[in-house]
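As written, the chains take the letters A, B, C, D and E, and residue 1 is the first residue of each chain.
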Amino acid sequence: MIAQKASDNSAVNRYLENFKKAWYKFSRNKMSVVGLVIVVLIILSAVFAHFVAPYPHHAGAFVNYAEANLAPSWDHLLGTDVFGRDILSRIIYAFRGALTMGIGVLVVVVPIGTIIGLIAGYMKGTLIETVLMRITDVFLALPPLILALAVCAVMRPTLFNSMMAVCISWWPWYARLVYGMATSLRNEVYVRAAELIGASRFHIIFREILPNCLAPIFTKMMLDMGWVILTGASLSFVGLGEQPPTPALGTMVSDGAKYLPDYWWISIFPAIAIMIIVLAFNLLGDGVKDMLSTEE
Amino acid sequence: MGINLLKRIGLSIFVLFGLSILIFFISRVVPGDPARLALGPRAPEWAVENLRQEMHLDKPLYVQYALWLNGFVHGDLGKSLVTRRPVTTDIKEFLPATLEIVILSAIVLLVGGVFLGIISAKFTNTWLDGLIRIISYLGIVSPAFVWAIIFVLIFGYALPIFPTMERLSPGVTAPPTVTGMYTVDSLLAGDMSTFVDAFKHLVLPAIALAMGGMAQAARITRSSMLDNMGKDYIAAEKAYGIPEGLVFVKYLLKPSLIPTVSVASLDIAALFGNAFLVELIFNYPGFSRYGITAMLNKDLNAIAGVIMILGIIFVTINIIIDFIVAYLDPRIGLAGR
Amino acid sequence: MDDLVKIQDLYVWFKVYGGYMKVLNGVNFSLGKGEKVSIVGETGCGKTTTMKTILWILSSQAYIPKGEVLFEGKDVLKMKESEIKRLRGRGAAMIFQDPMASLNPVFTIGDQLAAVISNSGIRDLDKEKIRQLSINALKEVKLPDPDRILGSYPFQMSGGMRQRICIAMALATERALIIADEPTTNLDVTIQDQILALLREMVAKRGNSLILITHSMGIARENADRIYVMYAGNMVEVSDNEELFSNPLHPYTEMLLSCVPKLSGGGIAEGIPGRIPDYLNPPPGCRFEPRCPYAFKRCREEKPDFFDMGNGHKVACFKYD
Amino acid sequence: KEVKPEDSIIRITEDWPVFIDPGVGSKFSDSIALVNTYDTLVFPKPDGTVVPHLATKWDILDNGLTYRFYLREGVKFHNGDELTAEDVEFSMKRLLDIGEGFAYLFTRNVAEVKAVDKYTVEFKLSQPFGPFLQSLVRLYILNKDEVLAHIQKNGQYGEMGDYGKNWLLTNDAGSGPYKVKEVKMEEYVLWEKFDDYWGGWDADAPKYFKLSGSVEPITVRTAVGRRELEITDELQPLENYNMMDKIEGVDVATFLNGHNLNMMLNTKKAPTDDVHFRRALAYCIDYDAIITSIYPGSSLSKGPVPAVLPGHDPTIPSFKRDLEKAKEELKKSKYYGKLDQYPVSLSWCAEAPEEEKLALLIQANAAELGIKIEITKKPFGSMMADAQKMETTPNASLVFVAPHYNEAGSMLMSRYHSSSCGTWEQMEWLQDENIDRLIEDALATVDINERFEKYAKAQKAIFDLCPTIWLFDQAEKRAYQSAYIYWPTAERALKKETGCLPMGYDQYVHDMKVYPEKRLALL
Amino acid sequence: MSESRVILEVKGLKKYFPVHRGDKTLFVKAIDGIDFEVREGETVGLVGESGSGKSTTAYCVIGMYSVTDGTIVFKGKDISCASAQRPLELKRDMQIVFQDPGTSLNPQHTIYKILELPLKVHGLAKGHELHDRIVQLLESVELPESYLYKYPRMIGGGERQMVAIARALATNPSFMILDEPTSSLDVSVQAKIINMLLRLQKEYNLSYLFITHDLSLMRNVATRVVIMYLGKIAEMAPTEIFFRSPQHPYTQMLLSSIPVVTQQEEDLKPKKIKSQGEIPSPVNVPPGCSFNTRCPFVKPECYERDPVMVQVGPDHFVRCNLFT
């Protein structure tokens, strides 16, 4: 009983220890911490947008042409747009879409790409590999933005559909990344060792190979968060994606761009918001990379 | 070498074939009657019916595909609904315009990126390095359309040294068509002033387009240079008395370029994808804008044509880049990839 | 004696996160002109670092709190750029530990040899002359078909060939000192034998000095006049070749020797307990103290200096004070 | 700096694509191109009447069933051929055969066209068509021989092959004041003055005319600021006009053009199939905000026909915002209490960015009634495609509509007659026999007063069904270089003259003037 | 010696790897017909230069490679098939320790997880027992319990190799292949590991196939030595006899090349045979005796005739034209 407790205790300690170590590696680069803080702030403000945004109803069906195009002031910190809506409030709500896009796409894309890449990589030299990787190549042969646009053009432009579209063009990158790693990892001596011990294929693919792919996958995920959000912004820039009145960052920039430079705040602030959110995820990604690096 | 090239091409054809199936079926899911769309709502039914037959819309989908593929192989991509011309004609006209931008952009991307990367690595942890890193972060996190807008603002108003719209200035006539690229054609025609004008029109869109990739390339070059700096062979080369400057620009650079160039194929392919944003803003009649217009207007044949051409370009770029990488890195046999 | 290299009380630290790795801890070392000296010691004890200091090719994290490294009487640490260049081009050459890693993977052997030759300060070099010199260098290390090798990349060569190429590079031009850093670790015994014979032969022919770094006591014994034993950033013992093997003084040397499997059989000793110390927090006194069966109080507090036991046999251990 | 010949130019931006083939074009940009490239038998005046043009005079026979036109002699096509009755006959036949563009104006009525002699051409109508003369401003005369020489075999038109469509995409066969010099797809069309134009030339008339296909606000504004654009398109955001107005030497012309903005309601699709629901929507919209803040200068619509068009019925009231009434109507509708289940889909046209403001305003207004509006921005191409079928036509679509000739009948026919269902001009899917009959009857009436009365009747009937919410009669805005060009339409606007010209004729370049020295002075 | 049971018998084993040179397919004859046996409780030393086919032999025996030709018989059963087709219990009975301790342990797994795998796969322990068994395994390789939750990168190279040995021991095998288990380690660590392996052998009555290129080491651990050269066995003899009277010219060259630390050892080396020539590429083995490019005693017939194995003493076999 006592022994049990002691070991429990040490398990907790171990996790604490690992966590401390991870944090230590992560926080070595101050910029990563800045990235983390910004990401957390953005997520919080998106989740609690209703409380954070000064004019929550401006994110919905609302226009007030009497207050259109107001420059930044204490009433409207970032000014108002051509519809008389508070830009700050709309940016905060737009984070929702951006995050949904980023997270939604990655949640779908990463497991699919990873599993396909793992299987193809482990089965190198078989028909399964050929089929999987050639399919991947086909999807890879197009710039993501173009493929996403093509798909969006066929379907109704909604946030969900543009997420689907981005997913279709995004998974092959993970498949290829993981495939590359899996093909070299399957020759690693420890994989051979597990095979010789008699471990199952499932074990080898998911327990031996997969954990060693995780660091690059996570790193790519963090960086991709930014890219996906940018792609989403580019899609909404041409009018695909989130539909009005729901705010989307890309739409805000593209619409506001018409009024440059006189009404600069209409597009510059959302553009800065895009840059900040992407930058934050990039910084976070760098930190995650440091954290997951195996060097002591 | 020859065999590997053939193998690669064979594989690419397979990929393109897959792509054609994918794209053909995506483009046929579009709602609406393309023949009716082509002729307008008030066209007489018999003309529409004729067109429908001409477009093979009355046949089963797989037959349509076979016919389409046959046409594609023979350079016939059908007619565009928007421009009402054969898609091939459109592509011949628009593709060179975009190629011009993309090629310049790719050069800016690679040369600029590598240059910044080198400077940054050379002066690690100095203010210069810091500045370049901040710029690369900004480059990576800002979409091309933001850069384009910024450039139009700067050069449209404050500093009107570069034109911000179209391919040529008013009054300048296009050179006789050889390649379709105005810069090349004007040089071929020996018309320097047209060349200068055409080139000036390329500068801003190309740079706006290149910013993201350039930043990326700078970052990759920098980190791979720093990485390689710690390698034994660099120490060895220094120890053998080779001047550090030479070691840096020759012996360190070449291996460090490998990752940059490998990633470049993706970056350059992405240039085509992003080009439309820039073409939109600079009112540049390019291929990407054509493609997007086609997509937004559900112009089937144009969509399929554009995507196939992009696929071919992508695959070609990939092969070229693979060869460059193989040149940079003799360890990589081409069959390996 | 006329020293070619003299290292005095050299400290080299590496800045890493969490402080400094205090790797070299007062190294004393000397090498006469035309002398062959070997440094032996376990992995990570600082052999390579010491040598890199001589050529001033330490990585940028390195920090030298104290010490001097004299090459032909001049302190390398205070040399001007041009002097360093001369030192590297004409004075000393280093054959690196791992021949694969020390050849640039993306340039041909010819390219690399040419670069070495053309930067060695020899006058009136043209392309043809450089080529001739390169081919000669390859011939000297007994590589067959040097023409073909010039156009090949390192990865196309076998380990033995690569190592010979490295030697060729080091010996392509006249230098006073050759530093061979474990030149045969990755090679087979018979090839190792060939390489060492070649090295000996070339050094003898030119009258160069040689520093041979190895962790094989056998190799040291068969190839050097004098042997330094290094442990955790210190030279712990130095002596003439035979003397060291017949009369090892330092407990570390003694235990190390006992671990070497003998051709005469008779089993192997139990090995030295413990591990090399953590360079971030090394023991304050003698660095071997935690693993030493003879350690006493003084060992824990004070760092031992060399005690001269006569005949050039010196040992850094308080046992002999 | 010196004035070069190419400085004598009028550059106009307009939405792409531009079809310069009279058999195909019909949109705003097409009309501008056609009006300047081709000649018509008659020429429109702002008051809705027409004056002789290619035809020096005409006879109306058989109670309006036969029209005989006597052509001007010696009119030259751009290639030097003389324009004869054969060409008129060919042009009409081609238009009817192809059936696209403005053909619909004639398909129902024109039974036969015949060149009587070299300079006389006769149209036989199958039924009387009151506004026939007015509609002839859309019959552009092509050079028959030239077109025939450029026909491609293998087209949809039987022995006529492609009817010259491919060639006419980038070439012209006209006799108008300007001849096409260069067509850059997706970019611009450039015309050069036709020196032999029969109508003669003013000394300051522009030597060149260019229609560019870009409406990106920044680009447009930059070009205006650099004096590289003389007249802008009408699709800019209000803010952009305001900004351009501030540029020295640039003014914004605001003039009623006979177009109106329609919120077309799909009367066959729930919930807009209920007239009470439609009325509720009509009563909740804040029209004042629209004409003061979004489209200032425009006026409230009175019924389906813009007030400036001859034949408009001024007795029809404008819609007013009245929430009480709206609620009342909503209560009467069968969707009352089930509004959540019936969101209203609303599309607006991506090429007209200002419509977004409207869409959002309507959305916000409707929300006050509890009606949920889902907004979609749609490229015009998509909109046309979706209009093909009732199922794909959204509940509501915001669309500018222009008359094709200056009379109420043009609007009524193209908007509310059943035959126009499936086109973007009728997304109401009204298909009401009574209305069809009223419209047909009116159009078949030759006497103008009688016809106008019948128009009024039809307008009232349509108003009662409320298939459309007529948001406002558009005041077109275009920024132009007032400092160095003379633009008749702008002058009329300044003088507050009433009336309007059919689509495209406001940009009739022949009557404009350019002063390049003044332009250079501004640079 | 010959009384004890033969547990592994390799007969005429061949393993060729195809390699593609341009459009041609050549074969690397990594092993080209070898015969040897391992008896219960003994340590057979497999010695040879890099590329001579030692690892390939080991991998064929363990089942990582399918064999090109020949048979492998283990405890009377023919096991000349790849690991996928081998029964689970066979995998339990035969284990391997790889050369590089850095790569043979999954860097993402703790020592606990690494040791757990064989136990779980073979159902050898469950629940509480599992933990105890793992601790016991660690103890048997002289590692403290505190190592359980460490990752391989946190411990030294020697300790990693001990974990690898513990993993191999987990299934209670009777036969273990040790593929250069100490070649990348320091002498002092090597000494520790070798001593431990010898102790374990006694404790569990293990048979070893011990691969190395260090003859001095072999002298101290093996009961019998097999010398390989370019995929073939050059000489095979009990250790004592081998070191007393090496017969094959290659063996002599090998022995005379060993650097040693005492005069006494020096005397044991055969008369200096100068090592010369490069090892030929295994894709392109010269006709006749494969050693003919380096042999100081080469005769004209060596360029034509590939020698066969002959017995020159009790349990002592040589494959050289000098003896036939």
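FYI, a residue touches a chain if its C-beta (ideal position, glycine included) is under 8 Å from a C-beta of that chain, and two chains touch if they have at least 3 such contacts.
According to UniProt, the chain labels map to these proteins: A = D,D-dipeptide ABC transport system permease protein DppC; B = D,D-dipeptide ABC transport system permease protein DdpB; C = D,D-dipeptide ABC transport system ATP-binding protein DppD; E = D,D-dipeptide ABC transport system ATP-binding protein DppF.
Given the structure is predicted, the values throughout are model-derived calculations rather than measurements.
*Asks:* Using the touch definition from the top, how many steps at minimum link subunit C to subunit D?
*Replies:* Graph distance in the chain contact network comes out at 2.
*Asks:* If you take the chains that touch subunit B and keep only those that also touch subunit E, what is left?
*Replies:* Common neighbours, subunit B/subunit E: A, C.
*Asks:* Pick out whichever of the two, A-D or C-E, is joined by more C-beta pairs in contact.
*Replies:* C-E
*Asks:* What's the distance between the Cα centroids of subunit B and subunit D, rounded to whole Å?
*Replies:* Centre-to-centre distance between subunit B and subunit D: 38 Å.
*Asks:* Mind checking the centre-to-centre distance between subunit B and subunit C? Centres are C-alpha means, answer in whole Å.
*Replies:* Taking the average C-alpha coordinate of subunit B and of subunit C, the gap between them is 52 Å.
*Asks:* Could you tell me the distance, in whole angstrom, between the mean C-alpha positions of subunit D and subunit E?
*Replies:* Taking the average C-alpha coordinate of subunit D and of subunit E, the gap between them is 90 Å.
*Asks:* What whole-Å value do you get for the distance between subunit A and subunit B if each is reduced to the mean of its CA atoms?
*Replies:* Each chain reduced to its C-alpha mean, subunit A and subunit B end up 25 Å apart.
*Asks:* For subunit C, what residues touch not just one other chain but two or more?
*Replies:* Answer for subunit C, listing residues that touch two or more other chains: there are none.
*Asks:* Touching two or more other chains, which residues of subunit B qualify?
*Replies:* Where subunit B meets two or more other chains at a single residue, that happens at 149, 153, 157, 280-281, 296, 298.
*Asks:* Listing for subunit A: what residues touch at least two other chains?
*Replies:* 239, 257, 260
*Asks:* Help me check something: in the complex, which residues belonging to subunit E touch subunit A?
*Replies:* On the subunit E side, the touching residues are 62-64, 83, 88, 91-92, 95-96, 98, 100, 103-109, 117-118, 121-122, 149, 153-154, 164, 167, 171.
*Asks:* For the complex, which residues does subunit A have touching subunit E?
*Replies:* Per the touch definition, subunit A meets subunit E at residues 10, 14, 188-200, 203, 208, 211-212, 214, 294, 296.
*Asks:* Mind pulling up the subunit D residues that touch subunit A in the complex?
*Replies:* Contacts found on subunit D: 216-218, 237, 239-240, 243, 289, 292-294, 350, 353, 356-357, 359-361, 363-364, 366-367, 373-377, 379.
*Asks:* Touching residues of subunit A toward subunit B in the complex: what are they?
*Replies:* It is residues 134-135, 137-139, 141-147, 149-154, 226, 230, 233-234, 237-239, 250, 253-254, 257, 260-261, 267, 271, 274-275, 278-279, 282 of subunit A that touch subunit B.
*Asks:* Would you pull the subunit C residues touching subunit B in the complex into a rising list?
*Replies:* Where subunit C meets subunit B, its residues are 52, 55, 57, 59, 85, 88-90, 93-94, 96-98, 101-107, 112, 115-116, 119-121, 153, 155, 166, 169-170.
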